[in-house]
Structures are given as structure tokens and as C-alpha cells.
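What follows are several structures.
In what comes next, subunit A is part of two complexes: it sits with subunit B in the first one and with subunit C in the second one.
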Partner chain A sequence: MGVLRLVLRMSPVLALLAIWYIATSLGMIKPFLLPAPQTVAMRLWRDIATGQFALNAGLTMYRALMGFAIACLIGVPAGMLIASDRTVRWFCEPLISVGFPMPKIAFLPVFMLWFGVYDLSKIVMVSFAAIFTVVAAAEAGTRGVDRVLLWSARSMGASRAAVFWDVILPAAMPQFLTGIQIALPVSLITAVAAEMLMGGAGLGGAMLAAGNYADSPGVFAGIVETSLVGLLAVGGMTQLRRRLLRWHPEFNPR
Partner chain B sequence: MTAARIDRIIAGMIGYLPLVILALIWEATTRLGLVSPRMLPRFSDVLGAFLDLLQSGELLTNAIASLRRALIGFAIAVCTGTTLGAGMALVPWIRAALDPIVQIFYPLPKSALIPLVLVWFGLGDTSKTFLVFLGCLLPMILSTYNGMRGVDPLLAWSARSLGASRFDVVREIMLPAALPQILTGLRTTIAFMFLLMVSSELVIATNGLGYMIGAFGDQGSYPAMFATILVVTALGFAADRAFLALTDHLLRWRA
Partner chain C sequence: MNDGVGIEIERVTHGYTPKRGRPMVALDDISLSIPAHEFHALLGPSGCGKSTLLFLIGGFQKIQQGRIHTAHGDVCAPGPDRGIVFQNFALFPWKTVIENVRYGLEKKGIKGSEAEQTAKHFIDLVHLNGFERSYPAQLSGGMQQRAAIARTLAIDPDILLMDEPFGALDAQTRRIMQEELLAIWRATRKTVVFVTHDVAEAVYLADTISVMSARPGRIKRLVHASFNRSEDTAVFKSPEFTDMVEHVWDMVRDEVDEARRQGH
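Let's turn to the complex of A and B:
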């Protein structure tokens, strides 16, 4: 029953695949522009069987997740500090309002100059791209904590540390996680783009190589591989949010 | 009136003082030799390079080339995205048809499409415009859809019972009520537009701001590279501020 419903729900996607198959097998589109789905699937299978997929996806994931983790580890405390200290806020607010909308990838050549063309520059690039979202969300979350909660905790004699760990952190957690949830896809996009610009191993580098050699099955297989990694990351993040916010009304609708 | 205005301008300038301080720190560290000029050119040199690029007209022609491609893709994406998003919110079969497709393509990192548009459209303008269009389309569909779905059905029912036509309900009730969310989506979409514009030009282009950054970097003309990066940053910032001002204006009817 569940399978049937899933097939029904996914029927537009299946229809799209069918159109793709028919169009390519009737020769309506040049295989160079749009390779047949079975060609792409075979290429995907070959990448998986030879371990290419695991290697490239692993490298991309490593760079994206390292950069993402650094962005979170620096960004969340920084955002909380900006929210709670006026001088820090005065200094950082204009920097964030400039940094938030800017296309961070423009700094890639700078990071290449400073950190070389290997993993380090890519990881720094990912952190730089992701951190503004995290800081902004952490600041907004901390500032949005209900004053009454803080006053009550303090008036009942809670120490500063206790207020931080038991009141501010849980109350601001949903917004922190929202920022982090946006930062994760940004990290992946940036990692792939950085790999594409620098070449070498990784999903982005492999795709760029395929594009340069006019190997369109390789390009399409790369897109599918990248979406799989993206799907995995986004899905994992949703699960994490559900686990961390088990106590929150968001997941306990009455 | 004028005094109040001057006060506002001064307050605004003090607000951006940290940026000036940062520029001064930059200049000081490079002048004191704390950082090698090979790694970080002096801020004053970057300013000089900026003026040169401005004077030669190189900056302007490339900025226009970039913005033209990006804005065309963006405009098509906004029109298509809001229409499809509204269609998904209002018409069940459109929702059934599009929802799974949107869900599947949403987690795809859009930069992965750069080699695809290269294969399809080559090095010309179309490849970058199409990439910006693809990247901006999904966030527009989703924010319109979510905004329209979030409209209180009571509002629509009341209007219908008072004799409004379906079209009137959409135009007079659903769209204004969904506008805040559509505008929020639009703001992230603008950031996306700049990101895709620059990253696609870094990979595949023969002109444009992203191409300039990459080319100056390869040549080792670092002051010019930094100047172009600062221009891109300023463009993104100006667009964001202008958009926020527009949002305030459009939503002034709200409490």
C-alpha cells in the first residue's frame, strides 16, 4: 500500500524519466546534449563499482563538513557574543550586513593565494561562505530569547553559567538550528564550486573535467552524484533537528 | 527638519565606522610589514587599482556584462517562479505534478549545474543567464508557494462569501497576504543571483566581474583582483539595502 502511494506521488518524476528515455531513444536530442538515462545510470554504476564515487563524494563531504563545522564552532559563540555585548555589536553589525549578501565565492582566488590549492583553501572558503548565516541566526536567536525567562532564572538565583546553559541555549536553539540548516547546503554548494574552480579530485573537480572533455554522461552522472550527497546532508540535518528539538512544541503538535 | 536630517546622516556614518577602522587596520598591517604585500596588497594600492579600472572603463563594461546576464536570468526566474508557486498553492493538480520534482531538485547544489550549462550553451551569455535562472527558480517557487499556503483560509472564504470572484480573491487577498514571505524569498534569491553570477563567470566566461577576478588572480595583479572583489561586495550590499528599502515601502500597510 505504502509502495503504491509512493509510486503515485512520484509519478511526475517517473513521467519526466519516461519522456527523457523516449526523447533520447527516438534520437530527438543529440546524446551529447542529453545522454540517455540508461547511459547515465551505467556511468553512475561504474563510478560506484570502481570506488570513484566513494572517493570523490568522500572528499567533497570532508571539505564541506569540515568547513561547516568550523563555521558553526566559531559562528554560534560569535553570534551570541554579538547579541550580548554592545561594543562588539557596534563593530560587527556593519561587517555582517555587508558580508551577508555578498557572493563569498569571489574571495576564492584570495584564499588560493593565502592557503594554496589543496584542502585547506577549500575548507577556509566553505567556512567563510557559511559563517555569516550562522552568526546572523545565532545573534537573532539569542536576542529573541524571552526577557521574562532570563529575569525569572536570575531572580531565582541562577548563576550566569546556569542561565546560559539552561535558559539561553535551549530557548535560542531552534533559531541556531535554522541558521545551521541553511548553512549546510551553502557549504556543499561552496565546496563543489571551489573544487570546480581549482580542479583535482572531488565531485566538483570530476564534473569540471568531464565538462572539459565534453563527456556529457560524466557531467550528468556527476549531477546525480552531487544531488545524492546533497539529499543525504539535508536529510541528516532534518533528523538532527528532530532529535535535538524533541522537547520543542515544533515537534509536539497538540 | 534639516538638522534632524544631518543627525540621521551622521548616525548612519557612525554606524559604518567599523568598516573604515577595518580598512585602516588593513593599511596599517601592510605598511608595517606585518603581512607580505605578495599576500595582501596595501589598501591604498587596491584603491589606486580601482581608480585605474574605473578610468579605463574596464570595470564598467564588465559590470554591465555581468549584471545584464544575471538580471535577465533573475527576472525570468522571478516571473516563472511566482507563477508556478502560486499555481501550486491554488490548483491541486499543479501541486501534485510539481511538488515531487521541486523536492528532488531542491537539495541539488546549483553550482553542480555549471558543467551542464557549459555543455548545453557553451561559453556565451546564454549559459550564465540560464544558470542564474535555474538557481533562482526553486527558491522563488517555494517562497511563493509557502507564502500563499500560509494565508488564513478564513480571509479567502469571507471575501468569496461577500461576492468576490476567484481572481479578485487571488489579487486582493492571497497576494498581499503572501507578500512578506515572497519578499523574504526574493531577498535570498538576490543573494543567490550574485553567487551564481560570480561563480559561473569564474569557471566559464570571457568577460564579466567574476572573470576579471579570476584573470587578475592568474596574472598575479592582486591589487586589481582585490579591487574587483570589493566592487562585487559593494554591489551585493547595495542591492540588498535597496531591496530592504523597497520591502519597507511595499509593506508599509502592515502594522
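Let's turn to the complex of A and C:
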């Protein structure tokens, strides 16, 4: 039943694959522009069998998740601080308004200059790209906490510090998670983009190399590999949300 | 502790300045002396400042003008000596019913099986047994309200502030909870400030009723219970009871009309 439902749910993807297969097998498109799906699948299989996929995906994940973790560890407390302190808010708000819509990847050359051409500059790049949504969500979440919840904790004898852990953190958790859930794919995208601009190992670097050698099955296999990694990460995040927000009306429909 | 003092409210005036719009006076020069152990009802039309007055006694909002003190001294911050049941329950939605009730106990240093037993006792008292492990989102409004009452009773405060605590309950449950509350009050001799819209409820429960005026909130009249409030539920049918309800209704009616004119 579960398998059947999954297949049904994935039928649009299967349909796209079918169109792709038909178009290429009828010779309507040059294989160089769009290689046949079975060619891409074979390349994917070869990458997996040789360990190339594990190596590249692992490296990209490492960079993306490190940068993501740093963005969360700095971004959540920063957002909470901005929400609770007027002076900090006054100072940070214009910076965030300017930074938010900026194309962060434009800073890559700067980070290469400062942090070298290896992992560090890529990780900093990812953190920088991901941190804005985390901060904004953490701020909105903290500010949105119902004052009556804070009051009830205080009237039951909680100190100000305790209120922070006991009330603000869990009450704002849905918003924190929403920000983090958006930041995770942003981290992956940025890691791949940075790799594509800088070259070397990793999913992005492999795709750049394949492109340079006019190896179109390699490019398409890279796209599939990147989406698999993204799917896995986002799926894990959704599970985490379900687990952490068991209490939330979102998962208790009435 | 000074035994005679319940809550002393001296010339308290309180206003709100909304982000947009003109400043308004919610409470205008309120003075009220509530003796210890009294069951005191605040009765008044919607928007007259009943919740605001409770918030000030609770220490949640800074007192702008005037002074409030209790047996513990001047009110300046919230504390477990004044328990409150909020109008909109204010349960922690990420905690189950029993975890909500245990929270205040744990803050008092009561832990482990003792906390578990006390929490269980108060959950039984509000007839929520069987729902200990439910999250608030899984309960009806009336059940959430009863959980909030259990949570506040469990910390055993000297002063009990209740903001329309039975508002979300059906008629039967409401009657049962009123009786339970009176029984608890008789047994523990807490000072109770009980906000309600319901005249009969106020007359049934309270020693003294403050009838408040429409905006700006003032204490219009104090009414003392004029009949023998026995534990007998037949009071509802007694002529003294119905007379007093009529009497209080007449006072409230003018204010409700006035509030309507103001557009509430």
C-alpha cells in the first residue's frame, strides 16, 4: 500500500521521465544536448559503484551542513537577541534589510580572498547565505510569543532566565524550524554553486568538470545526484519537525 | 504576614497608548479594598478594564499611577503568591496537561512522585482524568480552561485571580466547577478575585461584587451578599437569590447599554 501510494505520488516525475525517454529514443533531440535517461542512469550507477558519488556528495554535504550548522548556531540566538533588545534591534534592522535581498554568492571572491580556496571559504559562504532567513525567522518567532505565556510562567515562579528556556524557546520553535527548513536547501544550493565557481571535488566541482569536457551525461548525472542529496536533506528536516512539534496544532488536526 | 490584608488597591489609573490611535484610559482612579479570604467578583461590561485590573494585581503590567499591595507588600512583579487563570487559558501548548500542571510545582521545588501525585489530584478535581497525556491542541476549549484552572490551583497561591474562568464551559460543567471552586475556597480560605459577565454567577459565588462602569472603568457600586450562602445548591431557587440577581442586574444594565453606545 505504502509503495503503491509512493508510486502514485511520484507519477508526475515518472511522466516527465517517460517524455524524456520517448523524445530521446525517437531521435528528436541530439544526445549531446539531452542525453537519454538510461545513459544518465548508467552514469549515475557508475558514479555510485566507483564511490565517486559518495565522495562528492559527502564533501558537498559536509560543506553545506557545516555552514548550515554555523548559520543556525549564530542565527537563532542573534534573532532572539534582536527581538528582545531594542538597541540591538535598532542597530541590526537596517543591516538585515540591506543584506536580505542581496545575492550572497557575489561575496564568494571576497571570502576566497580572506579564507583561501579550500573548505573554509565555501563553508563561510554557505553560512553567510543561510543566516539571514534563520535570523529573520528567529526574530519573528521570538516577537510573536504570546505575552500571556510569559506571564503565566512568571506567575508560577519562573525567573526571567528560566522563562527564556521554558517558554520562549519552545513557543517560538515552529518559527525557528520554518527558518531552518528554508535555510537548509539554501545551504545546499550555495555549497554547489560555490563548488561550481571554484572547481575541485564535490558535486558542483564534478559538474563543472563534466561541463568543461563537454560530457553531457556527466552534467545531467550531477543534476540528479544534487537533487537526490537535496531530497534526502529536506526529508530529514520534515521528520525532525514532525518529531519536535508533536504538540503543535499542525500535527493535531481537529 | 499581615493577616487582615487581602488586596489593597489605591487610586489606580491605567491607560493604553496604541501604536496607531489615541491614548485611552482603561481604569480611572480605582480604589478597592479586598479583605483577606474574601471571594470578590468583578462584574462589568466588555472592555471596562476587568482584565487590566487583574493584570495589575498580578504584577504583569507596570502600575502607571497609584499603588497596589498585598500581605506580601507592594505589587511590582508576578509571583506565585498570586495565581492567575487567564481569559484565554494560556496553557503551554508544547506540554501535556500533566506537564502543564507540574510546571508550577517544579518551580516551587516539588519534584518526582510528589509532584506527580499533586498534579494528578488537581487534574481529577477538574474532571480531566484520562487526559493527563493530551496536548492542549487535542482538547476542547472547556477542557483547556479546566486544565488551566488545575494548573493555577496546584501552586496553592494565597490570592487567586480568575478571568472569566468558566466562560468556555457548558451549563452543567459550569455549575459543577462553581461548586468545586466554592468548596476549595471554603477549605483553603484563599482571597479570590473572580471576573465574570454572568450576574447570577457573581451573586452565587461572591461575598462582595464590584460593579464596574463602562469605559473608562470605575468601580460603580459594591454589593455585599445579602443572603445566607450555604453549601446547599437550592440557593438558586430561593427568593433572596433571585431578588439579589435582579437587583445587581439593574445596576449592570445601565452600564451594558452605555458600553453598547460606545460600540463594544
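Operating definition for what follows: the second predicted complex is superposed on the first by the 242 of 254 C-alpha atoms of A that agree within 3 Å, B and C clash if a C-alpha of one lies under 4 Å from a C-alpha of the other, contacts with A are read in each partner's own complex, and residues count from 1 in each chain.
Note that contacts are C-beta pairs under 8 Å (C-beta built on N, C-alpha and C of every residue); 3 or more make two chains touch, one makes a residue touch a chain.
If you're wondering where the values come from, they're calculated on a predicted model, not measured in any experiment.
Peer 1: Since both structures carry subunit A, what do subunit B and subunit C do when superposed there: clash or fit?
Peer 2: Here subunit B and subunit C can both sit on subunit A without a clash.
Peer 1: Quick test of understanding: once the structures are aligned on A, what is the angle at the Cα centre of subunit A formed with subunit B and subunit C, as a multiple of 10 degrees?
Peer 2: Taking the centre of subunit A as apex, the angle works out to 90 degrees.
Peer 1: Just to be sure I read the superposition right, which of the two partners does A:216 touch: subunit B = first, subunit C = second, or both, or neither?
Peer 2: first
Peer 1: So in the superposed three-chain picture, is A:193 touching just subunit B, just subunit C, both, or none of them (first/second/both/neither)?
Peer 2: first
Peer 1: Is A:152 touching anything from subunit B or subunit C once the two structures are fitted on A? First, second, both or neither.
Peer 2: Touch partner of A:152: subunit C, not subunit B.
Peer 1: So in the superposed three-chain picture, is A:248 touching just subunit B, just subunit C, both, or none of them (first/second/both/neither)?
Peer 2: second
Peer 1: Does subunit C touch more residues of subunit A than subunit B does, or is it the other way round?
Peer 2: B
Peer 1: Just subunit B (first), just subunit C (second), both, or neither: which does A:231 touch?
Peer 2: Touch status of A:231: first partner only.
Peer 1: Of the two partner chains, subunit B (first) and subunit C (second), which one does A:173 touch, if any: first, second, both, or neither?
Peer 2: Once the two structures are laid over each other on A, A:173 reaches subunit C alone.
Peer 1: Kindly classify A:10 by the partners it touches after superposition: subunit B alone (first), subunit C alone (second), both, or neither?
Peer 2: first
Peer 1: Give, as a whole number of angstrom, the minimum Cα separation of subunit B and subunit C in the superposed three-chain arrangement.
Peer 2: Between subunit B and subunit C, the minimum C-alpha distance equals 14 Å.
Peer 1: Show me the residue ranges of subunit C that touch subunit A in the complex, using the header's touch definition.
Peer 2: 55, 58-60, 77-80, 82-84, 86, 88, 90, 92-96, 103-104, 107-108, 135-138, 151, 155
Peer 1: Where on subunit A does subunit B make contact in their complex?
Peer 2: Against subunit B, subunit A makes touches at 9-13, 16, 32-33, 90-95, 97-110, 112-114, 185, 188-190, 192-193, 196-197, 203-204, 207-208, 210-211, 214, 216, 219-220, 222-223, 226-227, 230-231, 233-234.
Peer 1: Can you name the residues of subunit B that touch subunit A in the complex?
Peer 2: For subunit B paired with subunit A, touching residues are 15-19, 21-22, 39, 96-101, 104-116, 118-120, 190-191, 194-195, 197-199, 202-203, 209-210, 213-214, 216-217, 222, 225-226, 228-229, 232-233, 236-237, 239-240.
Peer 1: Touching residues of subunit A toward subunit C in the complex: what are they?
Peer 2: Residue positions touching the partner: 146-149, 151-158, 162, 166-167, 170-171, 173, 246-249, 252, 254.
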